[in-house]
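You will see two complexes here that share chain A, one where it goes with chain B and one where it goes with chain C.
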Partner chain A sequence: MTASLQRGINALKEVIDAPVASFFSSCVHCGLCADACLFYTETGDPKYTPIHKLEPLKRVYKQEFTLLGRLAKMAGLAKPVTDDELESWSELVYDSCTLCGRCSMVCPVGNDLTYMIRKLREGMAVSGHAPAGIVSATRRTVELGGPMGLKWPAVQNVIKHVEADSGHKVPVDQAGAEYMVLLSSMEIVNYPEYIGALAKIFNKAGITWTLSSEAFEATNAGIQIGNSDLAREIVSRIVNAAEKLGVKKVLSPECGHAYMAIRWEGPNLMGRPFKFEVVHVLELLDELRGKGVLKMKDKLKTPVTLHDPCQIVRRGGVLNAPEALLKEVVVEFRPMSDRGKMNWCCGGGGGASAIHEPAAEELRFTAFKRKKAQIEETGVNTMVTFCANCRITLEESIDHYEMNTQLLGLTELLAEHLED
Partner chain B sequence: MDKEETLLDHMEREGMSRRTFLKYCASLASLMALPPSAAAAMAEALGKAKRPSVIWLPFQECTGCTESITRSHTPSVEGLIFDMISLDYQETLMAAAGHQSEEALQTAMKENFGKYVLIVDGSVATGLDGAYSCIAGRSNLDLLKEAARGAAAIIALGSCAAFGGIPKANPNPTGAVAVSDIIKDKPIVNISGCPPIPVVITGVLAHYLTFGTLPELDGLGRPKAFYGETIHDRCYRRPFYDQGKFAKTFDDEGARKGWCLFELGCKGPVTYNACATTKWNDSTSFPIESGHGCIGCSEPDFWDAGGFYKALSTPANPLKYVGAAAAIGVAAGAAVSVANRASKNAAKAAHEKTTLSDIEK
Partner chain C sequence: MNEIEFLTWVRGTGLNIALGLFVLGMLWRLVEIYTLGRKKDLAPTRKVAGASGWHTIARRSMPPHSMLKRSPVSYFGGYIFHLGLFITVFFFAPHIKLVESLLGISWPGLPSQVIDAVTVVTLATMLLVLFDRINNPVKRFLSTFGDYLAWALTFLPLLTGFLAVKHLLLPYTTMLALHILSVELLLIALPFTKLIHVVTLFASRWYNGDISGKRGVPV
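This part shows the complex of A and B:
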């Protein structure tokens, strides 16, 4: 139990880099980021303005790295960042920020606010101000292997069921396979059909693949809590396993932040390029679609809309594959008004769904009103998405508002309608 | 016009809907950077306003200011507000002439003593005891002093009244001065410009009628809401300035492409006015949009500011300053960078690898 303010401030000093300095010095205080944030638009409370959430980081930057700020600090005119302040800021840095990245998109001077929130979390985590829910998810990931505390024997059990249900074999620890497949605990527990769907698609395309008993979990609570040391430890399990099996590619599951963790943060955390390529499952499927391997036997008759997960589309850069794939399998696709890279978050990303405190959940439901309005505007009762965490968050919120909306996972939907 | 008729009644009679009026109040409020709630307050106050008495004294002027207001755009809300004020004395517009008109002035001053708004356009001649400009045998100087005595506030309309303007330009044969050089004990609003923008005067009148006070003024007595920013800062050609793209002559490729007119003498960077935002002729255009640089007409002594086509001063030996500035910048940058690196390295050195227990208190 060694978290302390001093460690927190030291961590902030450590993570402030040239981009952060240029972002803070080029902010023109226009406030456009407020209207891009669903926590602001749905509550109307100005404290949720994204740039305001960065206040502690900004003050540390000014007091430690600018001439005037240093002089002010020396003269005792600067307001120091205190433990109480960071405690009160936890809500702004975790509960009300899903790292969705919409604010970074709209900033007219190109400031990546999300990048800075991620950095601020480094200080929050080691000063002991991360929400208990995320702390325990991180603990389970580091100690047990996944945020839900799932261990390999349990996964083996699920695999047995999947093999029986789907009639396809699920290879484990096969060295030299083309793809090593990662999963997220949520998929294993809540949507095991995903594994069966993948098996079916891989077999159909004739691609070799494997799971690793040493690293099956793709999610990375270290990134959500904002601690690079722990995030590195978690991601290195995957990297070591993949390099040991000698696979060419690692397949990230639908889960948004898992993709972010392995594809974008991973090499930076490891400090070196990977010896394998990271591919998102939808990128693979879109490639197969392009090759004509992915043929549908029929299409879903009901009209559907699509929820784009932030970490995959806006932050992850998988921009065109989702809609192209969806159109293969549905008769009618009614897009939402703000979609693709300008989509609105489900409200539960960036660790927010792991907080499990009444106030945070209430806030999450309030923020969901944006998505609710978007769904209602399309006038359809079926929504497709491709992130297990979005799916859980959306389902909880849909239940909360007693909406008549059915949720489907894109990969499963494709597998279900795939030619036998 | 019935003296008891309110502005709204009058507008309705003229066929202007209440909705148009409300929209006008909202745009006026936003133009003046007032909070949105001010639009409603403004609509209410203006709607109920009885005709305020206004006396308009024209001195050494060209009638351009009057033209600017009366010919703004028709039928405009500005025009109607203007119709609405009880313009008890305005030589150009009044039907009366000769003794009759001077009588009207005297009556208006007496009846509304302490309450009327005095608008002055034109500068005041002081040479030869003011003999250069007289009305009905009395000098402007004399008339101004008399009319100012009973005024609640004075609006110095146009650059001549505000700063002396063209009459005051070198060699200033008439000894022309601004209203504020003569009158020291009354609130004066300078609405400069040659001529000023119509909406600025209605804006000031609307503010006065709504809140009973004059709007916030800048150091030169001009309403901040309209004169708070330079033409340059709001100019649509500003991006070209930032990219260093300048028209060199009025008929070169740059001019045709609409590049910045700075090198052709544009005074936009030193001129505070709202032309670039409100524009002219029903928001159609403004000088820079028509291809000519700003001449800085809303600034004091614009006529003697060194020529309309001479670029604003650049350092005589730019390299000298650039060299010195660069040297200072490099030194300061290096010092800050060394200091920052040191503190970042110290933070790195103090880093202890995080373990699970480190994220809990």
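This part shows the complex of A and C:
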């Protein structure tokens, strides 16, 4: 056994807990999780059945933690987990799983399969079987500060442009502000209007806020690759910066996995509760809407539908704010048939969009057919969403299929129609 | 061993062995699973009504939105044979008498014609779900020896019980002995096969509901 494989198996042994043991013991091989997974429904290939993706973790569980499994292993009857197997499993654990969590919603015996995939990735990452695209995104985040290799001077440049375009000041390193605002590189590079939108809303509401030059990046590729040590290092920058500035709250950007990383995994990675509260930008906006601060001067006339990002809604718990906010700013909202916590993934979450091998990209386009059908059912040409990663994945797929669908970010849409 | 001796053995020694192995096996497995424990979640909880492990234990018995349409055989087949097993095991008068003789508690049974009808429907449904396991690409792909074993161990008590009551195929005494033996095999295998889901599914649902419930998502 290679040293890296041994490390991988050790990592898997470490993450196996009572829920994992209970889940594997309860599985009756009914296959319903396949029907909840867009990688199965759109390809029809049984290998994409979520529980099958967990096979290496299941075997380590059985061989190391059950009486019969240990006996079988001693008698030489157990099939060991090998490097070759993990290498071939990379496609199942990363390319074809976005950690969207839909399978965990339907399993009749109650298995949280996504919880287990996240754990399996710990073993995949340390044994060297994570896809190159996510490995390099993680390395860039650790070494340079963000998955796209964006450094602070470049961000400063974007801020200058945003200030000029929006006419609002973007405060930096202001100690004692109420909110420290996090961004995702994707937003800074592709959707800088988001920053202007926030500035406008904060000023309007009279809330103090700041960016931190030491921690502006919210996304955490360490979690997507499944390496808790790296994930902790990335999260700790934010925690240190926020506690140094003494802010009351940290604002997670729209980006779904960023929210998951800082809000739900963050304290567990750090091993302690934070001294500040983590708030998703839509939670803040919904609170302002409730207070009557968020008044619109007009509404978008075209009918729209809404794509709910998995990590914010289903896995993140921001359930009601999105639709409530959207209804403030549009004349006609036509929801998709599976919506909210049962919505279908864009196909690019969980780090999948960082994998640039042709086979993985092709698979993403195939999986997108589910979303395409959902969009077409609503009969509208405008789709609103609130996650930069969903947005880039959706845009690539919409281009690929030459669809006539326009995408809008919810926060920007609100800012655009906000009373001056 | 003649048929009387066979029946006496399965009712005495056989039953004791089976019950002993079942209880020990079950205790072993439950300790093996649940003493693994889990780390405390340090993220501040978002409290939402209806989002908890307890809610999920109940809620997960219903098909989630749009799933019934996608997998009608799994849902209807699953409901019918589980309910059928429950009715035949707990509402067949001789079973209730057995429980009464052992534990001293009793409840009203169902008329034998009803039990007959339920048994036939359950047997037919179990054959259908077996066919589906072989025929459905996902189920066939996932299936192992353990799945077919668990199916057979569940099917045989129902079949032999029905044949014994109806005096079919073999003399009543022999068939009754086979029926009891098949139940004993089921009991011995239960802790070590997927059949253990009859117990662990409650904990699994609870964990799932708790994990999402802390984030404010009723699942």
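Note that the second predicted complex is superposed on the first by the 417 of 420 C-alpha atoms of A that agree within 3 Å, B and C clash if a C-alpha of one lies under 4 Å from a C-alpha of the other, contacts with A are read in each partner's own complex, and residues count from 1 in each chain.
Basically, a contact is a pair of C-beta atoms (placed from the backbone, for glycine too) under 8 Å apart; a residue touches a chain by one contact, two chains touch by 3 or more.
Here the structure is a predicted model, which means the values were calculated and not measured.
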Quick one: on chain A, after the overlay, do chain B and chain C clash, or do they fit? Just give me the call.
clash
Could you say whether A:G128 touches chain B, chain C, both of them, or neither, answering first, second, both or neither?
first
Would you check which partner chain A:I392 touches, where first means chain B only, second means chain C only, and both and neither mean what they say?
neither
Partner chain(s) touched by A:Y40 [first = chain B, second = chain C, both, neither]
second
Which of the two partners, first being chain B and second being chain C, lies in contact with A:N268: first, second, both, or neither?
second
Between chain B and chain C, more extensive residue contact with chain A
C
Touching A:E143 in the superposition: chain B (first), chain C (second), both, neither?
first
Does chain B (first) or chain C (second) touch A:I16, or do both, or does neither?
both
Between chain B (first) and chain C (second), which, if any, makes contact with A:V158: first, second, both or neither?
neither
Partner chain(s) touched by A:V172 [first = chain B, second = chain C, both, neither]:
neither
Name the contact category of A:L67: first (chain B only), second (chain C only), both, or neither.
both
Give the one stretch of chain B, out of 57-65, 111-119, 129-137 or 309-317, that collides with chain C after superposing.
309-317
After overlaying the two complexes on chain A, where does the chain B footprint on chain A coincide with the chain C footprint?
16, 65-67
If you look only at chain A, which of its residues touch chain C in the complex?
16-23, 25-32, 34-36, 40-41, 44, 46-47, 49, 51-52, 65-68, 104-112, 115, 263-268, 270-273, 277, 314-317, 319, 337-338, 341-342
Which stretch or stretches of chain C touch chain A in the complex?
28-29, 32-39, 41-44, 46, 48, 56-57, 60-61, 64-67, 70-71, 74, 78, 136-144, 147, 150, 192, 194, 196-197, 200-201, 203-209, 211-212, 215-217, 219
Considering the complex alone, what residue numbers of chain B touch chain A?
332, 336, 339-340, 343-344, 346-348, 350-361
Touching residues (chain side chain A, partner chain B) in the complex:
1-4, 7, 10-11, 13-14, 16, 64-67, 70, 125-126, 128, 130, 135, 138-139, 142-143, 225, 227-230
